[in-house]
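Chain lettering (A, B, C, D and E) follows the sequence in which the chains are written, and residue indices restart at 1 in each chain.
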Amino acid sequence: CGTETSAEEELSEIRLDYAYYSPTSLVLKKFGWVEEAYEEEGTEVVWTLSQGSNKALEYLNSNSVDFGSTAGAAALISKANGAPIQNVYIYSKPEWTALVTTEDSDIKTVADLKGKQVAATLGTDPYIFLVRALAEEGLSVNDITVTNLQHADGATALVNGDVDAWSGLDPHMAKYEVENNTPLFFRNIDFNTYGFLNVREEFAEKHPEHVKRIIELYEKARQWVLDNPEEAAELLAEEAGIDLEVAKIQMERNDFSNAIPGDVHLESIKEAGRVLQEADVLNDDVDVEETANNLIEPKFSEEVIGGQ
Amino acid sequence: MTLVLNKVSRSFDGVAAVKDVHLKVEKGEIVGLLGTSGCGKSTLLRTISGLDTGYDGVIEINEKTSKQVNEETGFIFQEPRLLPWLNVLENVMFGLEGKRAEKLDKANHILQSVGLAGKENLYPKELSGGMAQRVAIARSLVTSPEILLLDEPFSALDAFTKMQLQDFLLDVWKKYHTTMILVTHDIDEALYLCDRVVILRGQPGEIVEELKVEEARPRNRGSEQLAQLKSDILTALDLNKQSVY
Amino acid sequence: MTLVLNKVSRSFDGVAAVKDVHLKVEKGEIVGLLGTSGCGKSTLLRTISGLDTGYDGVIEINEKTSKQVNEETGFIFQEPRLLPWLNVLENVMFGLEGKRAEKLDKANHILQSVGLAGKENLYPKELSGGMAQRVAIARSLVTSPEILLLDEPFSALDAFTKMQLQDFLLDVWKKYHTTMILVTHDIDEALYLCDRVVILRGQPGEIVEELKVEEARPRNRGSEQLAQLKSDILTALDLNKQSVY
Amino acid sequence: MAKIEAEITNKKVGIFRKNKVVIEKLNTILIGSIIPILLITVWELLSRIGVFPSYQLPAPTTILNTIYEMGLDGTLWSHIGVTTYRVFAGFLIGTGIAVVLGSFIGFYQRAERLFDPLIQAFRSIPSLAWVPLFILWMGIGEPSKITMIAVGVFFPVYLNIVSGIHGVDRKLIEVGKMYGLSTFQLIRRIILPASLPSFLVGLRSGLGLGWMFVVAAELMGASQGLGFLLTFGQNMSQPDVILASIILFALIGKLTDWLLKLLEQRSLQWQDRIQD
Amino acid sequence: MAKIEAEITNKKVGIFRKNKVVIEKLNTILIGSIIPILLITVWELLSRIGVFPSYQLPAPTTILNTIYEMGLDGTLWSHIGVTTYRVFAGFLIGTGIAVVLGSFIGFYQRAERLFDPLIQAFRSIPSLAWVPLFILWMGIGEPSKITMIAVGVFFPVYLNIVSGIHGVDRKLIEVGKMYGLSTFQLIRRIILPASLPSFLVGLRSGLGLGWMFVVAAELMGASQGLGFLLTFGQNMSQPDVILASIILFALIGKLTDWLLKLLEQRSLQWQDRIQD
């Protein structure tokens, strides 16, 4: 037991990920606040770029990072498969996905999709979004043809006319909006499953104090973004190498207001989980309710933010 | 087919291998080429064959200058050069054209003549040195070329087999009146087969002597006249001990 | 080193190549092996060398049965078998061990003896047939092996060079008392070099005759006694016209 | 009488030989399985003990079960079938082009100087880089997928053919020239057989790359296939599906390679090689 | 006098020859550039006319500009440097292991029967499939990236070495045996030089695969490198970055291949090959 407390003190390195879909993580990295905070103890800060939720989960599962940013549904799926992770913080409520079609298309509503070809990346948030949008209209994925394409390729396929619609993801979606006037014909911010900051269970158990400190730092970054929306968009544009215009759209679609994981998030991913189960992405024997409850652990954020 | 070499020279990277060779071969003539090792005999055959076009001078076949391979020319190389992925029979049939049955017939017949009947299915790696050489001979003779270039064709054969094949070569010559140039180190062989013997010498090799062999065929291997010529040739070769080494 | 072959036979895929060979070779003896093409001479040398271990019977070197390659045995193969990525000098030095300067010295010296001084830097593809064969001879002799197996070593050489190298071989023998087994098709050569001539015949090859050559060295190539022996050998070989083909 | 007896013995020998060959082959397979079986057993044991947690590396039995279930509901066969078809088609096309271009470029030094630099430059472009371009040029149907695989197959086959041709002994080519063979005949009758060993290695390398490129190919709008299964498993965080697809890749790849190896053994009997 | 004159002529010939070699080389490069330059010009023209919309396929000048800007702010060099370092390290390791294992397995038939089946099975596993496993086993540091590249390099080198060894003429091996060479010496002095042509093709194939595997390698938590640049461009919908990375792959891959080709030409001068 004594060794564990000493391990708590002697954390030699802390490993975080940053991602272009999590603007706060970019701010954190850019300003070096984590390094600053840990300078005294001599703890080394290691940053790893996550190119997508699945990468972040891979890193978490293989004990390559301690904190990983993912979409909520992705975290749920991984948790359902036994991944030892916990969601401790919500870095944003993004509207990063919507249904897109071409300018001159006659698809105007989700109902028009019946029998059409739709591009999406299986298992990712856009796919879940598509399934939920269809479900709302009483349709299922079997009523359309889903073409599995990587996010960027889906946009190309859409513009080239290989598919009729695309379940898009930012920044691709924003970029094509700007450059090709591709309309987003169906939007619903509640069908997006939030940006989850996850931590490995083992780390949370051993180093609860550090989890809280990181959340504190994230809060600092969130506050900065709320205070400086212009600069935040510029920072995103510069870091991710995208046009400022695109970055602005992307920032506009992020809601940084509520950071404590709570019932809304729980409900959202439970709903997502049920849809996924119906679409056979999740096994029938998975207890969505329980998995979601195990995934979301609000106590750290509550202590940090509530105590402020 | 007549063959004329006019001032033919060949150098490799600036070092001459043969120099200023003049030679005229009539249709049906058998010319022997003798000379010390490395004096350029094979090089000369290669220029005649058309495989080597980097020579200076002019080579005429049937009064036409030609720097290409002539289809009517056959070449028995110094090494057997069998195609390792073909068996004996297929190697012999390699140059033949026409119906398979005819080709088979010809090939089997000539394999008989070179003493390789029953060895049709062996692959080159399973042949003895002399057997490989005989397959190469068979492969060249089976197409009955009009000009035949032979580079030490019988060097790997025992005395007895060699004599048999020499006689076989004369049979072919009788039938087709093939023009032949025969490189050999065996003076007796040259005298037994050739109408004329040309002696190359030195490095670069130059023609130093030409001897006519007048005796009518079939010749007697032990004849007086040939013995006399042999001693002439030995003199011509031995005189230049110094230039060889 | 003495060498004893006791009832040695070798078959390939059930077809016998040589059968029941008995042979005893004393230290420093030169034994000639004559025989028609394909009668198993090379096969026999390969079993003695230890490269081919698929034979029946017993081979003893210095009274010890051995089925491995003996380091003291040298082999001049029927083909030159030069390593194409090494030049003449490097090929000759291939089997030598020790200091580089010494190796260079030995190699240059022997290249001189086989008449290839000045050709050190040529690659095998730039050599004439006879030159390649001489490099192979040099490569084997330079290590002064105690037993030397020679498979038609002079077959690609002109009469003059051949005689020079035969004398060179005798020089080597005088110096090291090398035990030699020499396969050749040149009866004169066998008689000039060997203490004993063994004649193989038939397919599978069997020993049919052994002749002792008593004349002391250096021999006279034109001697009466050798001429008599030659005619004996010719008889031994020619008798079996039928079995060859 | 003696003749009949001899015939009988011959027959016996024949049967005996045939048996021997079969036993020999079985033996080879058995020996080759030793290490894989060992590895799998150790893996299973470690998984059972819990050294590898199942969300990272499921036990072999779990993976087999996943494959078995896919087999039951039939999806397994369509995945395997579709991918095999694509690899096969891409392999044929890639090999075909490589043979034509490779023979041409290997034979004519001028052509080599003109085309080879470009081809070599393309060779190091990763499969994933082609994906957006291929979608752009050919859409997301079968053509883009098969082309992608053909690209993967092309390079090793091409490289080996060109080098094989360069390595053909001048002596043998001269034999062909003496018989007045045309360039085409020369290539067919001398150069290709002589460079066959190199060509066959190229084929085997190419086939391997074909299997590798399948994943990139099936990123282009596939809904079936082993590569699809792999990316699906990765996107869905299903390690058992990922490993199932890896194992299927290994098995089927091995099987097709084995066919090529058989071909190699058959057609290279003439090689004068060492046996130990 | 005559001697001095001869020497002068010799010198002149020498200079002339040297010039000729240089001119020859320049010539080769020029000829090799014809087709790429043509292609790029056509592409530029079509882009200018607007046949390819810029959001899909930017013009070559745009891409060059992107590269130029990356060069200015220095990121270009770190991308190239890091990736080259990784490929180089992976190439060395992969080749090393392939040489040891390949010589061993090529030489001993027993070893071949034991190990080869397993190795062949691994050969068709796509690079992307290794990603999760490598992250699992080795984390996301340099080791996993370099190992990934080494895996890619290993297979073609291995395959070519084994086949090269099988193709070595028995006759030459026997020469070595007659001089009592040990197995190791035999491999070093006869088998490797004789199978050098095949080995060099293997190296070139392997290097190409090394460049291909970089993308998969840099999916494992990289933040620099050409592979990273490619996936970054794909994830961020930046076609100019994608194409810039493709072009850099092609250029640098070509450059490294050219080094190997020089080596090939140097070390295969002894080959008795056709020249046309």
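Rule of thumb we're sticking to: a contact is a pair of C-beta atoms (placed from the backbone, for glycine too) under 8 Å apart; a residue touches a chain by one contact, two chains touch by 3 or more.
This is a predicted model, so every value here is computed, not measured.
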Using the touch definition from the top, how many steps at minimum link subunit D to subunit E? 1
Busiest interface, judged by C-beta pairs in contact, is D-E
Distance between chain centroids, defined by C-alpha means - subunit C, subunit D (Å): 48
Per the centroid of Cα atoms for each chain, what is the distance between subunit A and subunit E, given in Å? 39
Where subunit A and subunit C are represented by their mean Cα positions, the distance between them in whole Å: 82
Residues of subunit A that touch two or more other chains: which are they? 61-62, 150, 152, 156
Subunit D: positions in contact with at least two other chains: 56, 131-132, 136, 170-171, 231, 234, 239, 271-272
Within subunit C, the set of residues that touch 2 or more other chains is 79, 125
What is the complete set of touching chain pairs? A-D, A-E, B-C, B-D, C-E, D-E
Can you list the subunit D residues touching subunit E in their complex? 28, 31-36, 39, 56-57, 107-110, 113-118, 120-129, 131-133, 136, 155-156, 159-160, 163, 166-171, 173, 197-198, 200-201, 204-205, 207-209, 211-216, 227, 230-231, 234, 239, 242, 245-246, 249-254, 256-258, 261, 268, 271-276
Which residues of subunit A touch subunit D in the complex? 54, 57, 61-62, 74, 77-78, 81-84, 119, 121-124, 146-150, 152-153, 156-157, 160, 162-163, 281
Which residues of subunit B touch subunit D in their complex? 49, 51, 69, 71, 73-75, 77, 79, 81, 83-86, 94-95, 123-125, 143
Complex contacts: residues of subunit D adjacent to subunit B: 171-172, 174-175, 177-180, 189-190, 193-194, 196, 269-272
Considering only the defined contacts, which subunit A positions touch subunit E in the complex? 20, 47-49, 51-52, 55, 58-59, 61-65, 150-152, 155-156, 159, 171-172, 175-176, 179-180, 240-242
